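There are structures below to look over.
After this come two complexes, each holding subunit A, first together with subunit B and then together with subunit C.
Now for the complex of A and B:
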């Protein structure tokens, strides 16, 4: 009976009901009616359930943070010490130790150690001891996972000067992170230099200058590139691009930073294109109309009015592109050559942080220093991309709010 | 009070005296157009190259053949490997992933579009978390899947529920890979669901509410059926994304080689994308595996492109319906 319904706002304040949109008001009235019938609790219950499920995304981010951090926390707190594994384990003592400890000592995967019989283990330990005795190395007393060793150059035994070295499988494991992140940044910057101009020009053309039919063709085709799995791009770089570029430019190393960057640029173009195109299309058409009415050409109105208006969105597109470039794994793993060389040359191989994780984690014994260093790399990558994502997200939300505010005020005046 | 917005966003008045000349305008427009068409050309060339190289390799013995050598040893046969196990593994993986991701993703999308107050801080954090999840590098999902699903969840099940010494759940398995991919593809589903719900006209809801339906009744009987094609599109896009990801499943379940198909959800599996990586990087004789490799890539591309194509068509149809409703 609608006549008996009371608007709650009305009765509570005694004031005139404020102007609310019809569906909201209807909902309030219906809810009151339902409450009287005693059915509202079920609606509330389901709504609460929906709310709880929607928190999953937050939990997922938190869990990623916690569980990647958990595996590398002992390293951050300085509880891991590679020098300890340099202590001699006598073959007699080897039987009492756990497979994990032996795996670290023998630098073998745990899975290989576990099924071995005690006698075989004794032999392995004995030969390891002989190996250590044959090559006495003062470096083995070092804790190679301490912060200075991870970040600063060090003069190792067989080197003539202090260098940044990532060499986790050598007799003395060298875990300097600088070559990996240098490689990541080098590839990311080079690929962005290719992808950003191309995708922004295409985005500006498609959203502002192209005719309707051209847009309908060009946009989905470029977006189709986003559907190409990165392993396919990596494969293409490895099989086809590498040989083609070597033939074209005549450089020495077949798989190098340049090849990986070109393939990575292909992965970045649809990402940057889509976000920039969205931002440009969100700028109200009236801006352009006004500029056109003042005598500006289509091109002039685009570069002086539309592009500046969408500028934060374009900036966000580049940030997200950078995050994608730093985090891309399969392309760089397959095409960069994977040698951790600290060289400014773009025609040299390099190893990125992501490729190091992908290539080495399977061989790193669980809970070994190597395993923890790889998780530390992952943690650093996560933090870098997280900060970039939050930054881009804030920019995009602000831009959207501003442009929507402009649109509604325009609609109000018209 | 003037509601007229400041028309110039850059804060500078539009200076017509320094306007580009007509020839500059033509030049730059032509340049931008050629860049756009260049990219289209690159995509076309790329697809044409892969298909031309790999298409003739698509014979029944390849598609339905096993990776195990038929003639002698029963070992992994890199040079003649069929892809049956990989296609099976990929389909099993994305099926499990879809079952896991759809309910959570769709309900999150429903909350964001139907129930949330857009200005509340909870809404902003959820939205920001979804966007952030979309930007986390895929290899981090691999680390997370290994640390959380395999060692923490799986290890706990082994220790406290099954009390087994040899790991059953605490090792890489198809269920953990599927869960990892479900977390990775969740933003795709959430965003598509939101878009689909937003495209359902408001008057339809008002009419239902006006007839006395409750909010949930309106949602279930009016809004969701209308939004269904868009929501399914989200699922398809998630499947297409999941089918192509390799980095997250490398440590959480994909196997280099298995002689049999996965028997249960705690088994490992072979997967198309990972198989491509193995064939391309581990083969002793690249020239011999080359045709096989291209054919495998074509199978993976057909799978992802077909799914993308369906998604694009469904989306175009929804947009068309929306436009006709407005008109």
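Now for the complex of A and C:
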């Protein structure tokens, strides 16, 4: 006759199916014992708490994403239009027109136009006519926030050839995003080219080759650099570095990409160094000992064994550095010169996407096309870093799998 | 026990400080132009010293930022170094249904700066426009040494940026190569270190750099950004610094403050900070005891700076007005008799609403002093009537009033002297210009002969 065991936790719900497995039975007994001792609820409480905390982080990121996306969604869907109609409406005629027609003419939202009195409407139309009559420009019929205008070069009035132009406060507002993102990428790449070799070499030296006392001094000092606020670095670049480099290299423009990149590299070095150094230190010392036992020199053991073993961590450090470089605002705002030009020269000024947001958002009226374009830039930056992180994670996983696979095969052969 | 006293003391002091804060009845916020921040702070300091019950908060951020804040109803006053744009008026109308109220507070010249080592001393506006549009890229093309031009500009929320774009670039785009800096001080610093640099900013900042003289056209006479040239409107890049008042904030203290800013007292501070006071700012009205001067039209001096007034006859005429039991008719004034228009004034139309107290006057010459007139007036009245028509307190009031008035006459004489000086200067510049014209014509004649 089979014995039926009652699950002590779910006893209230009624009969349970029979449990035959012995291990399951043991587990149940154990859980009962823990439950009776009151351990279980405490554990679940802590677990749920940690879960909630991690959930808020996810929730916050989601909220940021939703907010930024909501502000630029009308632009992405093509609902914002800066084009102005050709024919004039006289103030007297304004009263007879519908709110919708007036809203288009004034480029204002309809629900704000509707409650206004006829006198105010007359004033509005008169003011609008004054604005339109001041400087007639055929380009004013264009919708400058359509996707081709945002991404492709265009030959504007008073320009001699098709160009990528970012001039958001102009008679005809020009919102080409290419110069800004070109500037961002240019500065990020240049500063990474300076920061990555320096910080990786420093990390390898400190974690593998340096003596104990040297390490005790150098590591905290480099990490102290992370505590310098970026506005201080920007100030240093603006006042001291710019003049110094101009004197050294004799280039034309005092504030330029190069100066900003050097200051930005100073901000990146501690970030990359710390993570890379941690990754290198995390490789077990036994690897190195084994390599030395096989007859490898200290240098060989480090370069051929330790660095490849720490490769995933080093890669993560570089990716984090890239994220910081793209997102850094204050240094580039102060030191890059902020001229939105497309120039391959590293001794020319550039304007980054983040600097444009920081400098112009305060001036852009809420819900205006300029405001929405700035949020679009923020959205694109968000997407870039998000995609970059996901991409890095995938590569990291593959790298780790390959390394671990190699290690096991080595173990098998030995 | 001691700790308890400490706690008690703390509580008392906090409540005191809280009530002390709440004793400040009016809160005024000023936001906007970075050019005006220092000036606004000085005004606020002085005004709060005089009126401890008013609290004024000043922040910068740029003219555009200030006007945006006015639209969003987060400030009482927007300081702007440019005029409000039609687009901004529309936004304002849509949101509130009323237009913001504009007051000019002082004058400023936008100067064009180059490095101190630059050999150039003057430039014309069209050439300047070409330089900032990127059509001229080498100093050689404008008479300097052979090196590229590096442009320094301001962020687009700056009122100076907008003003420069309108006046010099004629609303065309800046060259994309122009570097944008976050403030006039940063711009001056950059130019002082860059021999190839050129930039623009308020004249109050010109330290360590050279301000160029400007010509309206190629053939014009170059003028430097000095006080006379800015006040007279001869300097091409003269502008007014403005306050825009939020019609939705109705606190009367705000209007009082703006009035004070535009009075002689407020304008003194303007000169201290390095800008130029409004033309024709006379000492503030002295007679506050009677409403009479408020009713009188007195814009003569205000509207035409190049006008001289003979101040002497003012007192007796005014006296007649004060002793009359009914408010005086403003028709007594016969301004044509005393006002001598020297030159048609080339001015910025800056109109001060504070009325000049003594601008109206009868044509009768002042033979007796004011006190004598009063005695003569009160003398015969007293013995005839049992009750004196003029009580002693009223008499005293009159006496102080007369003293004030005499003071104001003195002030005015000073002002007239100043004005005559400035006219003389202006005539000099006109003569200069004529001389240069003559020289040019001679040259032309020579050329045509050749």
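Quick notes on this one:
Assume the second predicted complex is superposed on the first by the 286 of 414 C-alpha atoms of A that agree within 3 Å, B and C clash if a C-alpha of one lies under 4 Å from a C-alpha of the other, contacts with A are read in each partner's own complex, and residues count from 1 in each chain.
Keep this in mind: a residue touches a chain if its C-beta (ideal position, glycine included) is under 8 Å from a C-beta of that chain, and two chains touch if they have at least 3 such contacts.
Just so you know, these numbers come straight off a predicted model, no measurement behind them.
In the superposition on chain A, A:243 makes contact with subunit C only, while subunit B stays out of contact range. By the document's definition of touching, neither partner reaches A:395: not subunit B, not subunit C. Look at A:75: by the touch rule set out above, it reaches neither subunit B nor subunit C.
Contacts of A:327 after superposition on the shared chain: subunit B is touched, whereas subunit C is not. Applying the stated contact rule after C-alpha superposition, one finds that A:217 touches subunit B and leaves subunit C untouched. After overlaying the two complexes on the shared chain, residue contacts for A:363 are found with subunit C alone; subunit B is out of touch. Shared-chain residue A:314: touches no atom of subunit B or subunit C.
Legend: residue contacts after superposition of the two complexes on their common chain; A:272 is shown touching neither subunit B nor subunit C. Number of subunit A residues touched is higher for B, counting subunit B against subunit C.
By the touch criterion defined above, A:264 reaches neither subunit B nor subunit C. Subunit A residues 238-239, 333-334, 362, 366 lie at the interface with subunit B in one structure and with subunit C in the other.
Residues of subunit A touching subunit B in their complex: 22-23, 26-27, 30-31, 34, 39, 43, 46-47, 50-51, 53-58, 60-61, 63-64, 67-68, 70-71, 197-199, 201-202, 204-206, 209-210, 217-218, 220-222, 224-225, 227-232, 234-236, 238-240, 266, 269, 273, 283, 287, 290-291, 294-300, 303-305, 308-309, 320, 323-324, 326-330, 333-334, 354, 357-358, 361-362, 366, 374-375, 378, 381-382, 385-386, 388-390, 392-393, 397, 406, 409-410, 412-413. Of all residues in subunit A, those touching subunit C in their complex are 106, 108, 112-113, 116-117, 120, 123-124, 127-128, 130-131, 134-135, 156, 158, 163, 165-171, 174, 179, 238-239, 242-243, 252-255, 333-334, 337-341, 348-349, 351, 359-360, 362-363, 365-366. Those residues of subunit C that touch subunit A in the shared complex are 61-62, 64-65, 68, 71-72, 85-87, 89-91, 93-95, 97, 99, 148, 150, 155-157, 161-162, 171-174, 176-182, 186, 189-190, 193-194, 196-197. Only residues 3-5, 7-10, 14-16, 19-20, 22, 24-25, 28-29, 31-33, 35-40, 42-44, 46, 49-50, 103-104, 107-108, 110-112, 115-116, 124-133, 135-144, 146-148, 151-152, 183, 186-187, 190, 202, 205-206, 209-210, 212, 214-216, 240, 243-247, 250-251, 273-274, 276-277, 280-281, 286, 290, 293, 297, 300-301, 304-305, 307-308, 312 of subunit B touch subunit A when the two sit together in their complex.
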